[in-house]
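Each of the next two complexes has chain A plus one more chain, namely chain B in the first and chain C in the second.
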Partner chain A sequence: MSRPLSPVIVGAGPAGIRAAEALVAAGLRPVLIDEAARGGGQIYRQPPDGGFSRPKTALYGTEAAKADAVHRALDRIRDRVDYRPRTLVWNCESGALDLLRDGVTDTVPYGPLILATGATDRVLPFPGWTLPGVFTLGGSQVALKFQGCAIGRRVAFLGTGPLLYLVACQYLKAGVEVAGVFDTTPQSAQARALPGMLRDPVTLAKGLALVGWLRLHGVPVHHGIRPIAVEGEGRVRALRVRHRADEIAVDCDAVAFGLGLRSETQLADLAGCAFRFDPMDRAWLPVRDAAGRTSVPGLCIAGDGGGIAGADAAELAGERAALAALEDAGLPVDAARAAWLDRRLARVAAFRRALNAAFPFPQDWAATIPDDLMLCRCEGVSAGILRGVGQRGEAREINRAKALTRVGMGRCQGRVCGAAAVELLAGALGVGPGEVGRLRAQPPIKPLPIAATPVQEATP
Partner chain B sequence: MALLQRVAEQGRPVVRFTLDGRPVEALEGDTILTAMLTNGDHLRRSEFADSPRAGFCLMGACQDCWVRTEEGDRLRACGTFIAEGMRLVSASEWTAADGEGQP
Partner chain C sequence: MTERIHCDVAIVGGGIVGGSAALFLRQMGFSVTLMERDWCGAKASGVNFGGVRRQGRPLEQLPLSQRAHAIWGRLPELLGTDAEYIRSGHLKLARSDADLGSLIAYKERSAGFGLDLEIIAGDAFRRRFPALGDRAVGGSLCPEDGHANPRLVSPAFARAAAARGAILREQTPVDRVWRDGDRFVLVSGDALEVRARVLLNTAGAWSHRIAAAFDEPVPLESLHPNMAVTEPLPRFLDVNIGVEGGGVYGRQVPRGNMVVGGGRGFALDPDRARPQRDAVLTLMRDAAELFPQIAKAYVIRCWTGVEGYTPDRNPIIGPSRTTPNLFHAFGFSGAGFQIGPAVGEALAELVRDGRSTAPLDAFRIDRFPPTP
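The block that comes next holds the complex of A and B.
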């Protein structure tokens, strides 16, 4: 009988590390593949090796203990996992992952597979969004945590979601001038969501403390705004927003922007997972059971890559997916622990619903995007071109629209423009965003150098 | 003028490289993105819109930060570390290839 394949985990953030830890505890040696050089994912991203000296309390604030625990978990199991940092997974088909590391391609067959691919910022275009100095909220946080840099001297924070306030506070604490926080959510929506958020009073208190701290330091916090434009020639000079009948203009040299997060589902798609439209995330997501099992036998998804739930939930979901993988392989699992994880995850899901009500997606935004505004950053395709194929009845489905307009076909493969493209096409057709389908993933999901060498040729 | 501002971790060893032929300095552990944007205000010009770009997501998703070396290699600036002696180009890739520099 052939030896069973090692379980493979993609992503070494909170979900992937906790999954690996649980598999190691069961006596297995998982393969842990991560695009970053050091573990932690985006939320607990560590500075590069050597020379960086800020303590974790400075990097992660109130979440320092959690970040440290996740980092230490990986350190503890490091010699018991086949850990492959700085490795891109660019395809996932027919029971094998295609990898790229340092210009060398490789394949890893998988039996049990846990995808912990995380999330990136969800964005919609607005005039000026391609100017140098406009970065995503996540990117603005990476600049600070990973490089000790701010995206500007005087930064405006635009969008919605917990990250909006968190990153603004992190910038303020780092000594950067915060020109203002411009939240698309009306204050009334946040007040209505308060009772639901009392399910997790600690997280709620932390969130309220962030807002209070910003106000205490004289940072203007505006609710219910919509962006008019980022102004500037070649770089950011000012942000203009609409607030009810008024216009607010603020001088700044950078804008951090995001509208919550979007799940990174491309590998799940290539692996053949069934998807369903999730009205809360306003996106097509892989179908999962409570433990993270997908429609593909042996394939589990843990963390934000399967639906946005945050870092705490990702840790729980990573461990839960590992227990599911063990159970499905006929190995013994601690049923009480699994049940405890299920209960905790159900609680997080309830809180997550309240959080979504506090930071809803601005559904009216897409309709106000001017036709001549660049939607596709990769290839410079305007919003009007995408709307046009819908209005003229040439495309009723997003992949057809992609074929006709190239939106979603550039280097980002729809990771940046996808959410906006769906909103624009649905708007042009007068239907909901769940009714125009989802962008299909294509390998390679990220650009590969044409000179990439297969591993057999690279190793003598 | 620099786009990114250093606010911490400034005690690292200096790394020297050239940006559009000009000798400049970065710090060890800087990504190419950090190295270029602490010495200038863009990474490249979009080949479709001829507008300057400086990256967007900083986590390898958007692919908006590919830059060229003088040798013609393409590097993703947010995920590649700066190294001593790198010769990087932020001018338009078409004009830079002709040795003309930025228009």
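The block that comes next holds the complex of A and C.
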């Protein structure tokens, strides 16, 4: 009789680490694969080993205790998991994952599979967005946490979502001058969302404290703005925004912007998961039950990779997915614990809906993108080119638009421009973003070096 | 409510063959309805390697291939776009003297067809193609062969047909098809019913389903060429490259990306295919060996498609043996892109005249026994 295959977890952020912890507690030895050199994911990303050292309170601010707990959880189980850091999963095919580490490819078959692939920034183009010095909010945060540097000396923060205020505060604490926070959300939306956010008073209080702290330090916080342009020749010099009838210009040498997050779903797609359109995330997401089970037997998704819910939810979802995997494998699970996790996750989901109301996606933004503005920087496709194939009736679907225009065909495979491309095509066709389909995933998930060599067959 | 269309010719399949047939039939004045299950030119016609190549084809294909060559020369006039078509030359490499001998023999056999092949070997080869170094002992150059962007060319044929009055129905699978008196009836769910005097079966790898509906089973197998593209690189290659004996092929597009192919993907289901991991890794190794210029580059995307292959690797083109006014054109066995527009033109002639000026005897469906 052959031994059952090991469970495999992709991603060592809060979801992946908590999933691994639960599987280890049940006596299993999961494979834990992560692109980063050290665990923690994007949100609790650690500085390089032997690199600069800053205390966790400085790196993670209000989230330091949680970050530390997640890091320690991985340290505790490290010798009981097959931990594979610095490893990219570039393909999923016929019940096995294809890995790349240090230029060597390897194939790992999986039994239960838990995808905890996380999210990246969601962005829409605006004039000047490709100028050097313009970063995403997540990228700006990585610069602080991982590279130990700031994106500029005087930084403007633009967009929407909790990350907008969190990163602005982290920059302020790191000694960077914050030129202003420019929130696309009108203050009225945040007031209306307040009752729902009271479901999680601790998180709400933290959020309010961030805003208060910024104001206390003299940082101007503007609501209900729309970007006009980033100014500068070869480098950011200023940000101009519209605030009702007024125009505000602020001098800065860097801009951090983002409009919430988007889930990394390519692996789920290659694995064959069914997707549905999620109006809250304005994206096609893998169909999941409350425990994270997908339409593919044995495959669970935990954390932001299946829908944006944040780091706290990711920890809960990781553990819950692991319990589901154990249950589905016929192993005993603590039913009371599973039920408790379900209740907590349901509460988080309700808070998340309120948060989404407090930081709504600016639906009118895409229509204002000028035709000559670069949309897909990998392939050099402007917004007008994409709109054109929609307006002329040549493409009513995003993969068709990709085939005709090259949008999303380059290095990033649409991970940066895809959300914007969907908004623009839908706009050109006069339909909602759920009506134009989703970009199909194709291997490799991230660029694969031609020089990659297959790992030597293990000797029997 | 069901839309009902009466027309002279119904076409099933909006690839490069069906799209060009629609275009030429419109030029002759026939009323045409084209039904496509996906988007026109989205399957094999739109995702193939993009080689526009006569060299290396079996001799019986060369008359059609030459006619296609003339059509490709008129793309802007026909389609309103050049679709990145470049007559760059197609160079078939010989990695041994024996392979060079095969290329010389092909040049002699194909001498009457106008390919203008040129055999280049030894020092002359290295001087002419320094980018290829010493990885081949020589090659055969077809100077007017080239390459194009299939994602643009193939949809453009259907679009051009529509601009000239063909009725296009995309996302419209043919669920049932039969003959009612002297008409063909094609039904797509509750949405559409087409009645036509003539039926063209240009449904690519799925054509055997249409043929089977008229008691004409054919041996058609689906295969999946494995392809990959690198990030843009400095230009080092202007010719489209093949290798005698097969294995790997490549072209560099004007943007600088290197498109390479070799090996096979696998079927997810009858309709979809994926690149296969071992084929991808083997392709990367083989391509880097042939083109050291890409050795430090990254592959940004791999893909494949679903292509219909016949046992003798020649297509089936011409009248049905069971059903009057039904014409087939499929089974191009991985080599339909260049020849496709000429096949569309030949189909239009068959509809108008009952015969084509291009010799099609080698492609008769009755060369295969009538049972599968």
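Heads up, the rule we're going with is that the second predicted complex is superposed on the first by the 455 of 460 C-alpha atoms of A that agree within 3 Å, B and C clash if a C-alpha of one lies under 4 Å from a C-alpha of the other, contacts with A are read in each partner's own complex, and residues count from 1 in each chain.
One rule holds for everything that comes next: a residue touches a chain if its C-beta (ideal position, glycine included) is under 8 Å from a C-beta of that chain, and two chains touch if they have at least 3 such contacts.
No experiment lies behind these values; they were computed from the predicted model shown.
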{"item": "Contacts of A:I33 with chain B and chain C, given as first, second, both or neither", "value": "neither"}
{"item": "First (chain B), second (chain C), both or neither touched by A:T120", "value": "first"}
{"item": "Partner chain in contact with A:V230 - chain B first, chain C second, else both or neither", "value": "neither"}
{"item": "Which superposed partner A:C300 touches (first chain B, second chain C, both, neither)", "value": "neither"}
{"item": "Touched partner set for A:V89, first chain B, second chain C, both or neither", "value": "neither"}
{"item": "Which superposed partner A:R411 touches (first chain B, second chain C, both, neither)", "value": "both"}
{"item": "Larger contact residue set on chain A - chain B or chain C", "value": "B"}
{"item": "Partner chain(s) touched by A:A401 [first = chain B, second = chain C, both, neither]", "value": "neither"}
{"item": "Partner chain(s) touched by A:P447 [first = chain B, second = chain C, both, neither]", "value": "both"}
{"item": "Partner chain(s) touched by A:P48 [first = chain B, second = chain C, both, neither]", "value": "first"}
{"item": "Those residues of chain A which chain B touches in one complex and chain C touches in the other", "value": "379, 410-411, 447, 449"}
{"item": "Partner chain A, residues of chain B touching it in the complex", "value": "3-13, 27-31, 34, 38, 41-42, 46, 48-49, 51-64, 66, 74, 78-79, 81"}
{"item": "Interfacial residue positions of chain A with respect to chain B in the complex", "value": "35, 42, 47-54, 58, 120-121, 130, 132-136, 138-140, 142-144, 146-153, 174-176, 234-235, 254, 264, 374, 377-380, 410-412, 415-416, 446-447, 449"}
{"item": "Residues of chain C touching chain A in the complex", "value": "39, 42, 46, 151-152, 155, 159, 230-231, 255, 266, 268, 274-277, 280-281, 284-285, 287-288, 294-303"}
{"item": "Complex interface listing, chain A residues touching chain C", "value": "91, 93-94, 98, 105, 107, 270, 272, 379, 394, 397, 400, 403-404, 409-411, 413, 442-444, 447-454"}
